[in-house]
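Each structure below appears as structure tokens.
There are two complexes below, and they share chain A, which is joined by chain B in the first and by chain C in the second.
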Partner chain A sequence: MLFADPIAAGPAAIPQDRRALVSLRDVRKSYGAFEVLKGISLDVGKGEVACIIGPSGSGKSTLIRCINGLSPIQDGSITVDGQEVNDPKLDKLSLRRKVGIVFQQYNLFPHKTVLENVMLAPLKVLREPRAQVEERALSLIAKVRLTGKERAYPGELSGGQQQRVAIARSLAMRPEVMLFDEVTAALDPETVKEVLATIRELAAEGMTCILVTHEMGFAREVAHHVYFTDGGVIVEDGPPDRIFREAQDPRTRQFLSQVL
Partner chain B sequence: MLELIGPFFRDLNDRTGWNFNVFYDPYEYGRFLAGAATTLQLIGWSLALSLVIGVLGAWAQSARSRALRWGVDAYIQAFRNTPPMIQLLFFYFGLGAFTPAVDMGGYSQPVISSFAWAVIALGIFGGAFNVEIFRAGIEAVPDATLEAAESLCFSRLQTYLYVTLPLAFRISLPALTNNLVSLAKTTSLAYIITVPEMTYVLNQVWSDNLNVPEMMLVLFGFYITVVTLLAAGLHAVERRLVLPGYGR
Partner chain C sequence: MRQPAFQLGMARLRDGGVLRGLRAWHVAVVLLALAVSLAAAATRLGTLGSPSSALAALIDYAPFILRGFALNLAMSVLAMAIATVLGIGLGLMQISEAPLIRLPARFVTHLLRNSPWLVILFLVMYLLPIEIRLPGGGRIPLPDWVKATLAFALPVMGNISEILRGAVRLIPTGQWESAEGLAFTRGQTLRYIILPQCIRRGIPPWMNWYALLTLSTPMASIFSVHEAVSNAQASMEAAGARPELLLPFYLFLLCLFFVYIYPIAVWTRLLERRYAVR
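On to the complex of A and B.
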């Protein structure tokens, strides 16, 4: 079966290797005088699925963009597989190859077909042979259930289909960790399901995932660990059952009572 | 060609006095063809030069060097805000006076011909507009799309080549078509620096034969044909590059 049964699939067992793949220590980030992240620390182990939830403007998206170096931080440290992200000597390419990111607005290349979107980076950046890249791209397109759409342009696809192409495009670089930045926020409820099913399968396969999401039911189902952020700090974190059932902090409880 | 249309126009002249001698007199026909060839070459080279300047200028505008950016801005201001005819005169008589001449045995010939000066002047004139057109196209490429390329490990140059330019070119095309068509028409100004293009040649023809109204018609017809074909070609490019579903 291509996809894990959505009902049976809970969080996959966390692998024994608990070495942190992504590690944040006291990360601070400001836009001008406005401090968005006020000292964030978290560890995500290999194969772990971490969900970041919280109200809008609490710095969730900023946090995720800092992890692959799209936004520089002012203080603290972020390491991915032992590499310091903000080390000026760091080869950004070697970092970003390990980190895939999927955006809320898909951001596909509109002048390339689905197949070309998926193949472009492995061909041009990794310089892998075309036949090998094409084989991998076709299997990734099949995995996100878009076989038959290889020659379509992004403009001809629905939002949910475009978002699945974006996931396949990111996976084509064979990342070690995938970042999802509110990837279902721009989709209608029906297409949300298709995209979540794709992510669910990735998680079940053991891909390390960090998700910023407003889909509480989904977070509860796939996450090993949930972080609730508000005002630039992590207010509370823990296994999904504890956060969703018996949150300690009043802010967490108030937020959850409004969205659940 | 002359055998085909010659008898008709000779007959027309005999019966009505409408003298389209460029279409039946072999000597005048030869002049007409030479003028047409010169105009087409002038259009081709000027447009090509203006495009090269446009791409390089747009790239230089986003360069880190302040001097380079300032230089490009100064260039645009200078050549958008002066009439193309003055520019042609400036290049040919102003700068042309300082370029070396070669002794051709009895008379001397400047290294840069009037045709070459026309290409340079018109290319620079059209290029000033093209820089702005390409810059607008480049700025219209969404930052988010470039960010996606960045996160997929594309270098700055790769992002520019594979993402920015193809999208910017498509966005620029309608404005670019306008400017290139306008530039093609402006090539007739090369007449004033004695480039033997169509306007110049037909002027000679009507001076010799006093058939001004007829040659005016020919001149009109010639430019309508050439510019219509050019615009059709550019529109065909636009259609070919259209992206299904994009921007809707």
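On to the complex of A and C.
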């Protein structure tokens, strides 16, 4: 499934099983007195691609970090595959094995080669045999089209290449859902395409993806569902065609008129 | 960009570029210093009578002083090894998430860093017994040079602890976040991701403290540890305790330390400059 042929453009058909893989209910989070998330609810089904758009400071990145427990929430509930993320008894390891995350700044390990970056977590966290991990790592590196760069250090790669290594590194843990936190925001326009192509392939293969993005064209193309957030709430959500063509809320319309 | 500079630095390290950086003029400075000191010694000998005997005394006693210097080096290496191991332990305690571990470690670190080395030396020399009795009846003797070594290790240990804490703090938070996102535990993150990146930042200050430590070992002469300065003083006594001996003997000591320490200092500066380009 992971290595299926890439399908061209357009969101893949959502599988029949629409049981929510990721589910947020009235999630609230504050930094001190400042409330960043003021009651967010959303459901992302298995194989679904959800895009979160909205102005800077609307809490998009915070929201995505809450999903794998990087950022604790004050109220509400987040479940991933039925596991309550903020349950103090939760095995964080089992949660994070299911949820991969890719950051704006790639955050590759600068002292490790590309291959080592991809292999480190499966070797040390999952304690899988080296030969098996290496085989998977090499095919993931091929998948993100970086064959030949296995021995390179992150500092020797372009931003787009580093970001694709970061995606491969995350996939090496065989997650069930991938979170992308503005992964193209720090890239040159020409390398943005390479990264988006990689994500598009993943989405087409049925990987559940939640993206925070400023790439409206991309969101419109790959998303099954788009959420527009502003001021810590979801102002409007729906299929991309409806949001981008006939948004109801004036805030959504104003935002889209500025960015499109 | 941070990473390319790092890669470049690592590549140069592998090529031995750092050693090539010790240029001819560094060697020249060392030789010049030796020449000046010998000339000065000769001048003193010329003006203050019994010239042949003072120089002859230095030559006579040089092997004895050099044997003492070997002890300075042994104490410095041993003290640095102890300071490194304990300092890293203390530094790891300093970055612990548990206040019960972190706060005492921080206190000990600051105490060791901010005490005069001489006071620590006196404390250790007078507080430690001359031997340790083992429960089985065995005895481990603690000669003065061993106690002095422990005393020199303590302040450096505090500083290494602080180097580690500082280096860990300088690692971008993104490294911690991505490790956390990949399900690494805190211990695994430190071991595989954070600490390996701290080594290169820590090496220049670590070498700096080694140089300072070596330069402090003559303090052990206060307790008649037979290191270079102590042996030089004994030699001067034996040679008649004449004033004209002072300059050549002490210049010889300065040269010994200079020839050993200066290349380390130059190398440290090179590494610092290399790692500063980030």
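In this text, the second predicted complex is superposed on the first by the 252 of 260 C-alpha atoms of A that agree within 3 Å, B and C clash if a C-alpha of one lies under 4 Å from a C-alpha of the other, contacts with A are read in each partner's own complex, and residues count from 1 in each chain.
Here is the rule we use: a contact is a pair of C-beta atoms (placed from the backbone, for glycine too) under 8 Å apart; a residue touches a chain by one contact, two chains touch by 3 or more.
This one's a predicted model, so the numbers in the text were calculated from it and none came from an experiment.
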Original post:
After lining up the shared chain so the two structures overlap, which partner does A:S170 touch, if you call chain B first and chain C second: first, second, both or neither?
Top reply: both
**OP:** Based on the superposed arrangement, let me know which partner A:R97 touches: chain B (first), chain C (second), both, or neither?
**Re:** both
**OP:** Pick one for A:M216: touches chain B only (first), chain C only (second), both, or neither.
**Re:** neither
Original post:
Just chain B (first), just chain C (second), both, or neither: which does A:I73 touch?
Top reply: neither
Original post:
Where on chain A do the contacts from chain B and from chain C line up?
Top reply: 68, 70, 92-93, 96-97, 99-101, 103, 105, 107-111, 120-121, 124-125, 153-156, 166, 169-170, 173
**OP:** Give every residue of chain A touching chain B within the complex, in rising order.
**Re:** 68, 70, 92-93, 96-97, 99-101, 103, 105, 107-111, 120-121, 124-125, 152-157, 166, 169-170, 173
Subject >> Touching residues on chain A, where the partner in the complex is chain C >> reply: 68, 70, 92-93, 96-97, 99-101, 103, 105, 107-111, 120-121, 124-125, 153-156, 166, 169-170, 173
Original post:
Any idea which chain C residues touch chain A in the complex?
Top reply: 1-7, 172, 174-175, 177-178, 180-185, 188, 192-193, 196-197
Original post:
What does chain B use to touch chain A in their complex?
Top reply: 142, 144-145, 147-155, 158, 162-163, 166-167, 170, 243-248
